[in-house]
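Encoded as structure tokens, the structure appears first; notes follow it.
Just so it is clear, A, B, C and D label the chains in written order, and each chain counts residues from 1 on its own.
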Amino acid sequence: MKIAVIGGGSTYTPELVDGFARLGSMVDELVLIDPAAERLEIVGAFAARIFAAQGHPGKVSWTTDLDAGVTDADAAVIQLRVGGQQARITDETFPLECGCVGQETTGAGGLAKALRTVPVVLDVADRIRRRAKPGAWIVDFTNPVGIVTRALLDAGHRAVGLCNVAIGFQRRFAGYLGVDPSAVVLDHVGLNHLTWERAAYVDGVDRLPALLAAHLPEISDEVDIAPEVLTTLGNVPSYYLSYFYSHDKHVRESLGQPTRGQRVAEIEAVLLDMYRDVNLVEKPALLGERGGAYYSEAAVGLLASLHGYDDSAVHSVNVRNNGTLPFLPAEAVIEVSARAGLEGPATLPVTPLPPDMSGLITHVWAYEELAIDAALRGGRQRVYRALLAHPLIGQHEYADALADKLIAAGRQHLAWAS
Amino acid sequence: MKIAVIGGGSTYTPELVDGFARLGSMVDELVLIDPAAERLEIVGAFAARIFAAQGHPGKVSWTTDLDAGVTDADAAVIQLRVGGQQARITDETFPLECGCVGQETTGAGGLAKALRTVPVVLDVADRIRRRAKPGAWIVDFTNPVGIVTRALLDAGHRAVGLCNVAIGFQRRFAGYLGVDPSAVVLDHVGLNHLTWERAAYVDGVDRLPALLAAHLPEISDEVDIAPEVLTTLGNVPSYYLSYFYSHDKHVRESLGQPTRGQRVAEIEAVLLDMYRDVNLVEKPALLGERGGAYYSEAAVGLLASLHGYDDSAVHSVNVRNNGTLPFLPAEAVIEVSARAGLEGPATLPVTPLPPDMSGLITHVWAYEELAIDAALRGGRQRVYRALLAHPLIGQHEYADALADKLIAAGRQHLAWAS
Amino acid sequence: MKIAVIGGGSTYTPELVDGFARLGSMVDELVLIDPAAERLEIVGAFAARIFAAQGHPGKVSWTTDLDAGVTDADAAVIQLRVGGQQARITDETFPLECGCVGQETTGAGGLAKALRTVPVVLDVADRIRRRAKPGAWIVDFTNPVGIVTRALLDAGHRAVGLCNVAIGFQRRFAGYLGVDPSAVVLDHVGLNHLTWERAAYVDGVDRLPALLAAHLPEISDEVDIAPEVLTTLGNVPSYYLSYFYSHDKHVRESLGQPTRGQRVAEIEAVLLDMYRDVNLVEKPALLGERGGAYYSEAAVGLLASLHGYDDSAVHSVNVRNNGTLPFLPAEAVIEVSARAGLEGPATLPVTPLPPDMSGLITHVWAYEELAIDAALRGGRQRVYRALLAHPLIGQHEYADALADKLIAAGRQHLAWAS
Amino acid sequence: MKIAVIGGGSTYTPELVDGFARLGSMVDELVLIDPAAERLEIVGAFAARIFAAQGHPGKVSWTTDLDAGVTDADAAVIQLRVGGQQARITDETFPLECGCVGQETTGAGGLAKALRTVPVVLDVADRIRRRAKPGAWIVDFTNPVGIVTRALLDAGHRAVGLCNVAIGFQRRFAGYLGVDPSAVVLDHVGLNHLTWERAAYVDGVDRLPALLAAHLPEISDEVDIAPEVLTTLGNVPSYYLSYFYSHDKHVRESLGQPTRGQRVAEIEAVLLDMYRDVNLVEKPALLGERGGAYYSEAAVGLLASLHGYDDSAVHSVNVRNNGTLPFLPAEAVIEVSARAGLEGPATLPVTPLPPDMSGLITHVWAYEELAIDAALRGGRQRVYRALLAHPLIGQHEYADALADKLIAAGRQHLAWAS
């Protein structure tokens, strides 16, 4: 099996390569594709050393030529980042000027990222479709994963979006419970970066209530959401929901602090320096601080399942709704636990959601619909409308100001705005 | 036909009585019911003078005895106000302390009102059911109308909720267009106090686009929402949506100002004084400033329709959803245009809603579900949960503080909190 | 108001004209349009005498020129019959050769009628759209009304289908109950010619259970369905449902008997002779045996409502489903009670249906979907598929034989088959 | 893992035992439970010999004591048959007297089976719940599987229904295509014994169109449905759909022929004689003619998946609908392809169904709803109603006669009828 990684020059790539080296015996060839030639050369060579050090027989290559790289691929992983960390830092800062949270996937920052990313990913996907093997899967890591996956599916691609939130909870809960992670099945549901864990089954018994009773303070800390929210809902919202439940607290705490993007940019510089060392043959510990924990496990497991290799794991994927959440249209993209096989993901049954979940999900879904429209068709009014529809914005004065700031900041990446 | 008015001692009652006197030839007997004996005596006597002055043959009576008053009634109108204007003033002020809008039907104030009102209305409705004629309709004006109507329907009552927002727009648009109000049919849809006018048909042709083009500044002013919102949505949100689209502006402008409840309390004192004058036989002009414009037209028209009298009017009513808005459950209560007859309201067809409307509606519906639960079952956690679910609150720190303030302010009206 | 009647040369037309003369004071001009010049001349002249005899000031005219006739019309009534009574007789006989019921709207005969009628009605409607006033309503009486209305709505016409089944029950039940027909509100629901009366409200109280208890034998006789069906369902199916519940009995009884079409053809000949008599100025009693009882009341009432004239009647109309029956798609056309106004029909709320109703309705809806497809696109396979999908056919051997017979019999009216 | 087999004395049991011996290394203990002591002894001893001959370390035991047998079981397989082959023969013959198909799961015979089976299975399941391990799964093979599974789920059991139709098609199509069965993923959907194969994916490419083109005559023969049905629908209905598409042909061919039940009874007598032979240690070839091909593969695979053992197979299961087929209620039980794990089955996405499938499915679903009601509450009227609702019956005269015959034939098994 040949796998192409679009955005393969990322400093994160060694994490993924390590996963394939350890877990992915089905991989014959791994092609890293990136327009940033210099960085790609460093990351590519390091990736080849990782495979070699682990005795994996697969071939690792790298290229700046997208068309050549994806030719005859069995699957493509998209992890590109339009505008790099600099664009991310902008996304994290301009909303703060209006008192709104600055984040790369949530709120106005997430919209900025969606606007510049969707057209690029659609172009990449078209080129994959023309040159990769028929039926090749596209696995999307590129944020905002829900919006990007929806755009890919609407354009007829065989795509699935992947998130590492659920696998992180699975690992953490397994640790609390003293069981193997694979023994924990989560009832994970929502939209990408708007999910809740509603149950944690071990041998068919839901251990979440006991787990919440015993570890409420730690879990509350980890997700940065007040304990009262968790006990009231009776579930565990993801960290991304703290941008909703603790919005103003985030804004207060962000002021005057370096953004996550700035921190990552610093780590990346150090990592790249490490990767240059020809004696380095395994991923350095520092990579763990870069974010994306367990993504490699999730990605390798999902790709194995999609290609018919035995895999008993439950994956947290972004797929068409198709009635799973009856209050959303069939064509919406939701994030939910699924098993997967040659035919694609099969969603686990979802018990009915309480109003506070369905209400917030529908509100954010509405924003996403308008965000996709803005990404595909452009124009200030569509940007304004998507912002006005976002539950964290919702008011004219902020939507108006944010629309101006977003367009000013992103002009170089927005064809219609330049 | 005998009609009982629960809360008949309100200073607003003469408006309703005037409507019956002018329009309601089907009324044989009008009974005003109110526990406030002194005020009832003043309003009742004035009501009788209005009927007499207009030569209406119907009988007007008044009583503090609810059971006696509703006996053999053909219909009951509920317009009671638990806690009077004082409670309203509290609803309008305590949320401001947290930077949230203070309003008697929207946000934390609306929840406070729902909590103290739902149990009282349900008790009244039970007593109506035992003594009124079989099949007697309950028409609810008491706010929050959507929540109260839902509670009434869930308890098996033959109820319909009525709002005067749509009839107000109908009058205003007819004025702009230079046609008779009855010629204007609105596409009015949403939840109570969360509605939009999406079309204004005259002879089957939608005149709203032209009307918006010609009168955007005035309409924008009237609803206190920026013109850009109206042009982007392509419709006219009700004034109550300004608490969403212009939330912070409202909060800023409210600080240090007397509340609407305080203003109404002053007007009421003057009105009551006027009503004492035995020479007064028609409603004074000042009543028009009290709020509730066109409510009497709407109410008299609806009651006529429900009792089989010819009536070609379209009413804006609160009824079960039953698939009208496919994204809400069948049992939800929505506000929509309807025709009515002996068998009750028949909703006009509703074309599919765009995401920004369905998203916000669903979010507020979720709050309403939890508000009803809190009203019926009580407890701080249910109050907190409803607040957290409200799109205007949504954050832990505000829901937490507002829950405390709401309970402290409303303790005397909340059985479970005292 | 100018009303155009397409198919105005029908011997049934005097019934409709009589209705307008007695009830329709809003009519200024009535234009009868028909390609059969000789018959039209006779019917037109008689229609003018009816108006004159009743002192109605409106003008009656007639023409064979469709485009001229519909010019500036405010509404058009379509009651044409492609192929005349001869085609109907064919529809009523060819299915019997396969042991299937022969009927002009149900089963294979209904499909034959749909196939030859839909293209003609769509062409007529396009010509109406080009020449009638903007917003002019099309009221369709032409069978199969459900399928024809669906085709009209799909093509963007402002159409409503009308059936006289419900008004017939209303009259009959009112007679049993000794009340005025207008006092009876029916819970009438289903697809055209597949409807059940589930309740008969008088003053808000359902009188159907008592009515069934007192008159079961007569009602059972009238609808030609065994009493056990009515008591088991607890409702009253229309006569057309006897083609389902008593299918084989119908087939047995039809063999060797003249068809309804043959009987109507005989009556029509006599009627036409009567109409020639210039002294005849009111509709003859024999017209009552021709079918279509109360259609004129229904039609005049509906047209009045749609043009804003006061009308408190409930109409039985064919309209888009839009969630009324949640198990059917929004775009399906259903038959249901409605009030109507300038903005069109407003459906009465429909309480959930039991499985035996929803199951049969969905099965017939499926046939109708495929019938429309066959009518619009033609081809033997589409005809076969629609027949196979019909619950009264359902088997290959019958669908195969009926497809051949239908095409052979209808070849002259089916463009694609000739 | 301990597995209890209710109805373990069936002559079919060796098929299942062989499956566990070959495939089910996770089984520690297999308990066969049956009230027929003598037959159980023979089958039980043979089962033990099969395990021993294959070197499987698991223990095989048997008992007539249900409570003892299910104690501490990890899973229970229900394959009981109320009334034995004699009752089946009755089901297969009494409908023929009315010209209706005689079959043990479809039509009046299927209703008879449901009526006598549902109460017995519910009682068995209650006893399993009290004594088996918490979270133990119930896998139901007992027909009618859809109705029985629905009754089990409604009663709160952790149950899944299993059918061997899909696995049979998978094997057959794999043979035509020359690939391993596990490489074929079917798009299998409907209700139990009312399913269609809509696609056969191999490596993500649908091979069904080519397969139909190449093997239409053989496939048409196997399912006993005319080729024109398959080419028109573009899919492959299961053999059970021939009772619909070829109903009268079945009836004609059944007259004067021995029923399937009679043939099975003969085979069973011979099989039992063979099983007595202490030298027999593997399932005899004759067992293959008894029916239920591949059931053991399907059952062992599903049980493995449900207990967390790696299993990449797609299973054809009966589960709650939950929006998968949007035209059926969430609580309906449908049959669909699924992956399975500790948390239960995860349904594969189902693309929208064409009207002919959704129409027939909904009609049969309606019958099933009424059949369950009749099974749980009894009474001739409920039996009559279910029959009248069945698309293969539908007429009063047959429902009336069949109700009498069904009750007369089944009286000894129907508590309410004796």
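We adopt the following convention: a contact is a pair of C-beta atoms (placed from the backbone, for glycine too) under 8 Å apart; a residue touches a chain by one contact, two chains touch by 3 or more.
Chain by chain, the UniProt names read as follows: A, B, C, D = 6-phospho-beta-glucosidase.
Source: prediction; values computed, not measured.
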Chains touching both chain C and chain D: none
Longest centre-to-centre distance from chain A, chain (CA-based): C
Length of the line joining the C-alpha centres of chain A and chain C, rounded to whole Å: 57
Whole-Å gap separating chain A and chain B, where each centre is the average of the chain's CA atoms: 45
Per-residue multi-chain contacts in chain A, two or more chains: none
Chain C residues touching chain B - in the complex, by the definition given at the top: 134-135, 158, 182-183, 185, 187, 201, 203-205, 308-312, 314, 319-320, 322-326, 330, 337-350, 352
Chain B contact footprint on chain A (complex, rising order): 225-226, 228-229, 232-233, 244-249, 327-328, 355-356, 358-360, 362-367, 369-370, 381, 384-385, 388-389, 391, 394-397, 400
